[in-house]
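In the part that follows, the structures are each spelled out as structure tokens.
In what comes next, chain A is part of two complexes: it sits with chain B in the first one and with chain C in the second one.
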Partner chain A sequence: MASRDEIFGWVVDVLREEFDFTSEALAMDTHLIDDLDLDSIDAIDMTVRLEELSDISFSDSDLKSMRTIRDVVDLIDGRR
Partner chain B sequence: MKLRLARLWRIAATGISFATFGAAGLVCGSVVLPIVRAWPGTEPERDFRCQYAVRRFFRAFVRMVEALGLMKVAVHGAERLQEPGQLVVANHPTLLDAVFVMSVMPRADCVVKSAVTTNPFMRSVARCAGYLSNDLEGELVDACVSRLRSGRSLLLFPEGTRSPRGALGPFQRGAAHIAFRSGRPFRPVVIRCDPPGLMRGQKWYDVADRSLEISIECCDLIYVEDAPAPGRGRGAAARRATAELRDFFGKRLQTPEG
Partner chain C sequence: MDDADGGPAGAQASGWTGIAERGSLAGIRFTAFCYRVLGRSLTLPLVYAIVTYFFLTDAPGRRASIAYLRRVAARTKQGELAGRRPGLRESYRHYRTFALAIVDRLAIWLGDGRGITYEKHGTEFFDRVDEENRGALILGAHLGSFDAMRSLAAQTNIIVNVVMFTDNAPRINRIFRELAPEMEQRMIAVDPSSVQSVFAIRERLRRGEHVAILADRIEAGDRDRKTAVTLLGGRVELPQAPVLLAGILGCPVYVVVALRRSAARYAVFVEPLVERVDLPRNDREAGVRAVVSRYAECLERYCLLAPYQWFNFFDYWGDAEPARRRST
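So, the complex of A and B:
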């Protein structure tokens, strides 16, 4: 079972690999839209990878509820 | 005095043009297109017939505003828009850009703002011609890709709304995702308006000091890189392709030649 730190690591890895962000730009409170300029298509692409890593599925309402990296970590952590 | 009279005439002619466009949109959308659409055929055939009728309507409107002395529209390289199945992307300096471009495309699907689908003058036209509303969210890219793959051409304005005065707005990345998934290159269409007019936030009666010179430049295709799979760098590739596309438009708009 992955810890919150490991889940945070997954999210950071996905954002680095998918969008070429640097690790320094990614923290728990980083805002997905305001700071990273993610749009709805980006969010879908991000969750495709996270579903593979975490083995959980994201619904449309999950996507809409994600505002920060912390929200993504909380969502995965709460479903384990 | 002469200049003032000319300006008053352009204000009156602009009012007449907008009123005519609205009335024609109502008649076209509530009478003509439903009849054209009701004629037997498959869904795409019905869409195509309506899109052809819309093209005739837009072309007649462009001729009317030219005859009224409001603007001159010069199209460069219109033959490049005749091939079907093209992903046409344009900048958006004026209110009438879709009218200008679609008046020279034989058949065009278009992504329209959701406001158009509720506008009483244009909603029936948009519905009959099968245009896509931008509020489809996640389904919009799939719908656009499906239409391109079936050989239909698609007109997109990557800025999503009219450009700010004398500049380009930020480009949304939907066009790049559509290009990746459909495998279609971009067909850029650069639109210039001199002097600036029909801009976002501008009142219809706020006319320029002279008639508008509109240039529609249909450019060479821009090919995009092979996109990685989702979750494996496609997001970064979409950002790069969008930045390159915006850079292309920015450079073309620096040159006065249409």
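So, the complex of A and C:
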């Protein structure tokens, strides 16, 4: 079972690998749209990668609540 | 939107064509009212009159039409445009063909499309994905009738959701509720400022439903996601987003075009473009370009087959002639 730190690591890895962000740009309170400028294609791309890593399927309503990296970590952590 | 680069920047159409394509609320209401009260036979002359007015007053649209028809003529060895240099006469026919498409569209919206018959070409490809309960992403274009494709799907129990790009989604949806309540359920309104609609697309595909997108114009939300390809001998930029989305979601991509053959008769062509979009991690751009190029090849083929049914009445290639002289 992954810890919150490990889940945060997954999210950071996905954002680094898929979108070339540096680790320094990624913190718990980083806003996915306002800070990282992710668009809808980026968001679905990130979601699919995280689903593969976490073995959790996100619903439409789950995704509406994801604004920051912390929201993503909370969502995965809460589903384990 | 950026049309300075000559690409098909989203919804640049002006005048009547822009109104009809973008679905001005008053315009939709007015023409729908006429259709209901006057019927098809009297609405058609009215729409012809409106189109004629815009043909006479919409110089950029007229020039774009002629420039497009000349591109087609230069590549046509058979058919009515072969060996000709299209001018005002052919452009006017282009506008009138658009009028016919509008009236057919109204008929379908208002539930009067039962008399339309369809020739089916390749629709069996849908059977295969339906058996596997897989949703396909359908790429359409402002070529022929998207609504005829949707209407045929409804008749054959194929579930097709249509993605509509608009920053005015709530009001447009209200109109659809008024005109065609069953149609509204199958619309996915995309607001460029929101990421939610793409998840709605995923939900429908996951349910084994199909999702259709007009992929021949750059839309406001496409930002820098565009790919330069050759179409009818000229460079255009087409959106990457539909192909990227199909690649990320692992769904097949089809091209579907419905061309008007004659009064109340459409030919619907279904072509599998790719079973799965390959997006190499180190060169996604190449994976997308391969599929977008094939899409452009399909568009060219259908433009040559039905030259007057291409309904992009703006400077799609960025090289329409300026108004230096009267066209012949």
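Basically, the second predicted complex is superposed on the first by the 80 of 80 C-alpha atoms of A that agree within 3 Å, B and C clash if a C-alpha of one lies under 4 Å from a C-alpha of the other, contacts with A are read in each partner's own complex, and residues count from 1 in each chain.
To be clear about the criterion, a contact is a pair of C-beta atoms (placed from the backbone, for glycine too) under 8 Å apart; a residue touches a chain by one contact, two chains touch by 3 or more.
The structure presented is a predicted model; accordingly, all values stated were derived computationally and were not measured.
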Checklist entry - Once chain A from each complex is brought into register, does chain C clash with chain B or fit beside it? => result clash
Checklist entry - Does the superposition put A:E52 against chain B (first), chain C (second), both, or neither? => result first
Next on the checklist: Contact-wise, after the overlay, does A:D60 reach chain B, chain C, both or neither (first, second, both, neither)?
Outcome noted: both
Next on the checklist: With both complexes superposed on chain A, which partner does A:I44 reach: first (chain B), second (chain C), both or neither?
Outcome noted: both
Checklist entry - Once the shared chain is lined up, is A:L75 touching chain B (first), chain C (second), both, or neither of them? => result neither
Checklist entry - By residue count, is chain A touched more by chain B or by chain C? => result B
Checklist entry - Which partner does A:I33 contact after superposing on A: first (chain B), second (chain C), both, neither? => result second
Checklist entry - Which of the two partners, first being chain B and second being chain C, lies in contact with A:V11: first, second, both, or neither? => result neither
Checklist outcome for this item: chain A residues where the chain B and chain C footprints coincide 38-41, 44-45, 48, 60
Checklist outcome for this item: The chain B residues in contact with chain A across the complex are 137-138, 141, 172-174, 177, 230-236, 238-239
Checklist entry - Any idea which chain A residues touch chain C in the complex? => result 33, 38-41, 43-45, 47-48, 60, 63-64
Next on the checklist: For a test of understanding, state which residues of chain C touch chain A in their complex under the given definition.
Outcome noted: 194-200, 202-203, 221, 223, 225, 241, 244-245, 248-249
Checklist entry - Which bits of chain A are touching chain B when the two form their complex? => result 14, 17-20, 38-42, 44-46, 48-49, 52, 60
